[in-house]
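Here chain A shows up in two complexes: once beside chain B, once beside chain C.
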Partner chain A sequence: MKYLSSLLATTGLVVFFFILSGCNQSGQQSGALSSDVASQVYVPPGQYDEFYAIVSGGFSGQLSVYGLPSGRLFRVIPVFSVDPEKGYGFNEETKPMLNTSHGFVPWDDAHHPELSQTNGETDGRWVFINGNNTPRVARVSLKTFETEDIIELPNSGGNHSSPFTTENTEYVVAGTRFSVPIPQKDVEIASYAENFKGALSFIKVDPETGHMSIAFQVLMPGFDYDLAHAGKNNSHGWMFFTSYNTEEQNSLLEVNASQNDKDFIAAINWKKAEEYLAQGKFKELPTSYVHNYWDEEKQMAVSETINSVKVLDPSECPDMVYFLPTPKSPHGCDVDPTGEYIVGAGKLSTDLTVHSFTKMLKAIDEKNFDGDRYGIPVLNYDATVAGVVKEGGLGPLHTEFDGKGYAYTSFFISSEVTKWKIGTWEVVDRIPTYYSIGHLMIPGGDTKKPDGKYLVALNKITKDRFLPTGPELCQSAQLIDISGDKMKLLLDFPTVGEPHYAQGIAASKVVPNSKQFYKLSENKHPYMTPSEKDGRVERKGNEVHVYMTCIRSHFAPDNIEGIKVGDKVYFHVTNLEQDFDVPHGFAVLGAQNAELLIMPGQTETLLWEPKNEGVIPFYCTDFCSALHQEMQGYVRVSARNANTALRWWTGANPEM
Partner chain B sequence: MKTFHKVLFISAALMLLALFVFPMWRITLVAPQYPHGVTMYIWINKINGSEPGTLQNINILNHYVGMKKIVPESIPELQYFPYVIMAMSFLGVVFGFIGKRSLWIFWFALLAVLCIAGIYDFYLWEYDYGHNLSPDAPIKIPGMAYQPPLIGNKVLLNFLAKSWPWIGGWFVGLSFFLSGLAIWLSGKKSLKYENADSVKSDSSVSTGMHTFTTAN
Partner chain C sequence: MKSIALKFILFALVMAAFSACGSDSNAGAPASKPKPKSMLADEPDPMNDKGIGPVTEVKLDPEVDQELAAKGKEIYEKMCTACHKPEEKFIGPPQKGVLERRTPEWVMNMILNPEQMVKEDPIAKKLLMEYNGSPMANQNLTEEEARAVLEYFRTL
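And then the complex of A and B:
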């Protein structure tokens, strides 16, 4: 009995310790945090975060804006997808922004935000983002956090290696992920190798207006072009693109495009391309693509169609393109802050391949080639490689830099971030992510001047990390402190859509330029109503234009009669407010689009087509003031053939 | 009468022109939603705000409680007061050159009367805006008036109203001080004080008193 009880006691103790250590272990595995961590991410109420994180929304087609280190969400910027909350793509002003050569396309798959740069540093002017599905690149202003420019990419199919910028935003690039027949034509899919090409587009950005135009395209072999990054310092003038499917397969790519031991990083000398362009060594290919831009004065998007594009053929333009053999379907293509090292992340291997720019130039100089593909010289692998980061993890995807001599690489398959030293190529630290990290982001981590304080892991899968919400779960970002020798997990926060990639920028570069409201005196919208007394209704056949104003807390006019079934009623609503953060909304019963959300000083237009007779209410949707609930009105809709007079008023009823 | 005193007096007269460069009064309304306050400036010839839209914003806030719109064009004082100030400044310069002490005292007194009248007029306007409320006001609180303080701070519903002289007003104060000083010093000087040149504003009271009594 005595023995039994002591046995039991011992067993109990063992179990107890087991549970303790088990807790401890599982705690570590789920990233249990030391107590000081909370204060590292705590931004007290009313205070600002140190950084903006601008995170892609993936298949939501949007960009979202967070603060770091708090992880607080500030805004979702509609880019490629309509957004009923803001009326984006629903009001008449923004509809043209989503125009393409296929017509109105209200959705896209937005992958990689990229901040504009000056002298290789983020400058806080714009953020660019690619639309992968219907190939497009957008430019978003960081003054207004609104989409200002969208350009469609001809000859492309899946704009993935995009929109990476050069040191002074001379170009943003757009490389096609899916090669396609150029020009498009009806051919057998199996004629892939013969007919398919990959276009790499170089988009010029006007330094004043930010307007984008396609300067030229390089017509490459029909591989898949995955990611890209521009050279820096000495390598400025070059753009590097990773490629896979150098096997040129068109079916079951997961097997068939994974056969070659080495695919390529394509090094494009764009300064050379400019020379060829100036020499007229381009072909002008007929095509049709659309450029949409925001007319700031008129406060509306303009869509124009362009019917040709200049293309350069590398086989006719020597010294413009070289291939750097890089193992196993490389994904990330990342250039360190000095511009010397180009890191290829072979996503089906355990290793990273680091090419040296200096060695690359030497190999080119010595013509140290290993044959060619379609007339493009393939450089000798051993001649360009500076080092290999061995056994960093499994499935390396993407690398950024801290500016202190270290690089950080995400590993999708082993779900971790690995820190390694540039030059010695040795792994010095690693930290798990929850789960399956894709890209990672350090503010400025792909520029010449990284802010090496935080790293954000962008995770594809969250499983059990947050409260469950049915089968569809959020994706997430994880904030990691990289200021010390050891990486330290600080915070998980859910994201809007899939965070493919993100950019970070010091708040101090953005805050001073943030627009507060639009000056009414600068509003040149053709249907703008400058004051209440100018409010009116005009009929042109079955088109009715309502010139309406809004100010706390009424619309003018707010009573309208003489509308008929079958009319196309355009409500042009001008927000007369001239104060910070006083938007008004406008919604009318039965409208088959969305609401308007009008910022102070702006005019927006909602199209409404009443189907039935009656008296239809409209109201302000954005809680604007103490009398917001009173901010409403009526439209009387009469029969198609009725003789109801067209009249309108605000306040006292007119004499009957 | 020393040149120095004339310079002092003429500068005092010219100080008034600062009213055309700077606002004379500032009223700031502070509420949680307006962390930096809504600031209205009263000039000799206009009323505006820290931002182009400020007056509109104040009018929007005021309309909830039925206060009249502030329309600067409809306030006659803003039309004729600039001429009064210009005239006073001109008169002061002329008197300064003439250098007659009695004229200076007259000017000083006139300025004082005008200022008191101006402040009383300001009070009447404030009273009118604060009390003469529309019977149709959406928000009516029995017994509540919205007159901002003439000078000082006062809580009006959710707003703290702060009313204080601003740069132009400070210059008027300076004008009083300098003209007063000129009158005072010139008074002493006319008594042929031996070391007039060494008289500074910090000269002791006893010396001044002594000079004054001996001269008498």
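And then the complex of A and C:
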């Protein structure tokens, strides 16, 4: 018994120490499953994350907004694809946003979000993103987290090397992935080398309104332009684009475009281009493309068609474009925070090629050329290269920077991130990713001032990482701590669609500007209903306009008679609330589009075309108050030739 | 037998250790202590209840400021009539004679700070239930606008 009690005492003591150490882990020596890792990503209920991560939705055509380090999803922003949840592309106000020269296009493949910058730092105003398939660039407001501007790109194939911004968002670029005949025409595909060109568009961004316009295009040889990044500090004024298929092949590119030992990074001196533009050395090419923008006052998208674009031909504009030979079909084109180094990731190799901006200028100065392509000087490879990162891994794709002298490169084939030192080019650390990483992102990691605390790996394949959901599995992001010498995996989280690139920004740069509601007094929507007493129904032939209001928890009018089969009924619903977080929804039975989701102070319009006689209910879809379930109404639909009087009311029934 | 007992004790101790850690990590979360109160017992004389919010004192001139009241009427019609009618019960109560039932401070706080009022002010809490839980919407009026609306109520 004595023995037992002493044993118990000892055991108790051991367990006690175990408790202490269990509760107070130092966090240095632990692996991925220990509780200190959990605490690094744990954001307690009710508290904010430190960063926003704005992640592309790939073939969903959307952008999603997460918090870091928690990986919590806050919002999916519809950009290039319709979104019935928010009525985007279904209500009359946003339909014009998806207009193109091909008509209404309800989908795209969105790859690269890029934040607006001021002095080379993210400024929290806007995020841009490219539409790859029907070439477009969109601008999303970080006040409202809504799409405000979409511009189509003429003379372009897939808009892939896009939309990378210059230091003060002077330009957002859009380089074509697929070269095409310019202008488009019916020619033999085999006439590629003769007829095909690659357009690199420079989109001007109005610093006040954010409105985009195409300033000029540089007409390049018919290569595939892959990715881009702008110069910084001394290299401000230059834009760098990677290219592949310098073989100018049009079939079985997987083999045929992998022949040349070196392709090019195209260095475009856009300040020089501006000089040529001012001198009138451009051609005005007739074309047709669409620019759509959100009219803030009228609260609706406006679509306009533009019929010409200014183009610059490098062979006629000396000193504007140079080629930097870069091995093995370079993909990522990343410029370090100082602006001195341009990193080309030869995706078919194991190495990274780092060019020096200073050496590039020297080579240009000394005319140290290796011939030219279509009149564009090709710089001597040895003259521009600062260093090569050897054996980083297999299939290098993209590089971001931590602002502390290190770079981080994703390797697709070997599924890993490699950390290397700028200047010595030595690999200092590596960490596996699960699986097949594409892009990677450090908040501010492509700007002059990275926040080098976290890195997010954006993975194409998840296989066994999450519960299976049939044949289609989620893609994922992985959060990696890069604050110490060794990278440390903290968290996996699934993403909406395929995450290509992402951007991160300190929450403190965005939160203070976040819009809470729209002021009714500023609502200049042509079908706005300022108060309940202004609610009414107007008929113009077979077009019926319902001026309706909503507030917790009723619509006005909520009873309508005199609608006829064959009418086009426009419900213009104004949300009279003037408070944070009180949207109302509106849905009517048989509507062939979607619901409305109306923010406080806004007006939205749903088109409804009743097919049959009857009394049809409508209701609020967004739970708004304890009496939300009472927020409903009826529309009486009569036969085409009926003479039911047009009447409407709320509350007491009218005199019968 | 002894070893089974020991294992059991160890197990219990380890469990205790886990739960100790568990409660530790919850220590940061604020403990909410609901205070059950009798609504009636707490209810003050309405003419002494100034409500909860930014307005602590309103001095009413014996003379109604007609210009201010007209401005208040305009604001009331634009921002309030979706739920209120001056002289009859609608979604919310009527405003006619409200200053015989409530203090001017209470009225302005109800306009400017309705979320907290319906949670914490005993009269507002009771009104919320009387009107079927229909919330008093915060229409984000400025203090000047709410003051104008109050002046309009004096003319009803």
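Simple rule for what comes next: the second predicted complex is superposed on the first by the 623 of 656 C-alpha atoms of A that agree within 3 Å, B and C clash if a C-alpha of one lies under 4 Å from a C-alpha of the other, contacts with A are read in each partner's own complex, and residues count from 1 in each chain.
Methods note: a residue touches a chain if its C-beta (ideal position, glycine included) is under 8 Å from a C-beta of that chain, and two chains touch if they have at least 3 such contacts.
Because the structure is a prediction, the values reported are computed rather than measured.
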Touching partner for A:A626 - first (chain B), second (chain C), both, neither: both
Chain A: partner with more touched residues, chain B or chain C: C
Contacts of A:Q578 with chain B and chain C, given as first, second, both or neither: both
Partner chain(s) touched by A:R552 [first = chain B, second = chain C, both, neither]: both
Which of chain B and chain C A:P530 touches, first, second, both or neither: second
Partner chain in contact with A:P44 - chain B first, chain C second, else both or neither: second
Shared chain A contacts, counted only where both chain B and chain C touch the same residue: 517, 551-552, 576-579, 625-627
Contact set on chain A toward chain C in their complex: 4, 7-8, 11-12, 15, 18-19, 22-23, 44-45, 517, 520, 530-533, 549, 551-554, 556, 576-579, 582, 625-627, 651
Interface residues, chain B side, partner chain A - complex: 51-53, 56-57, 60, 64, 138-139
Residue numbers on chain C that touch chain A, as the complex places them: 2, 6, 9-10, 13-14, 17, 20-21, 24, 28-29, 77-79, 81-83, 90-91, 132-135, 137-140
List of chain A residues in touch with chain B within their complex: 517, 519, 551-552, 576-579, 600, 625-627, 630
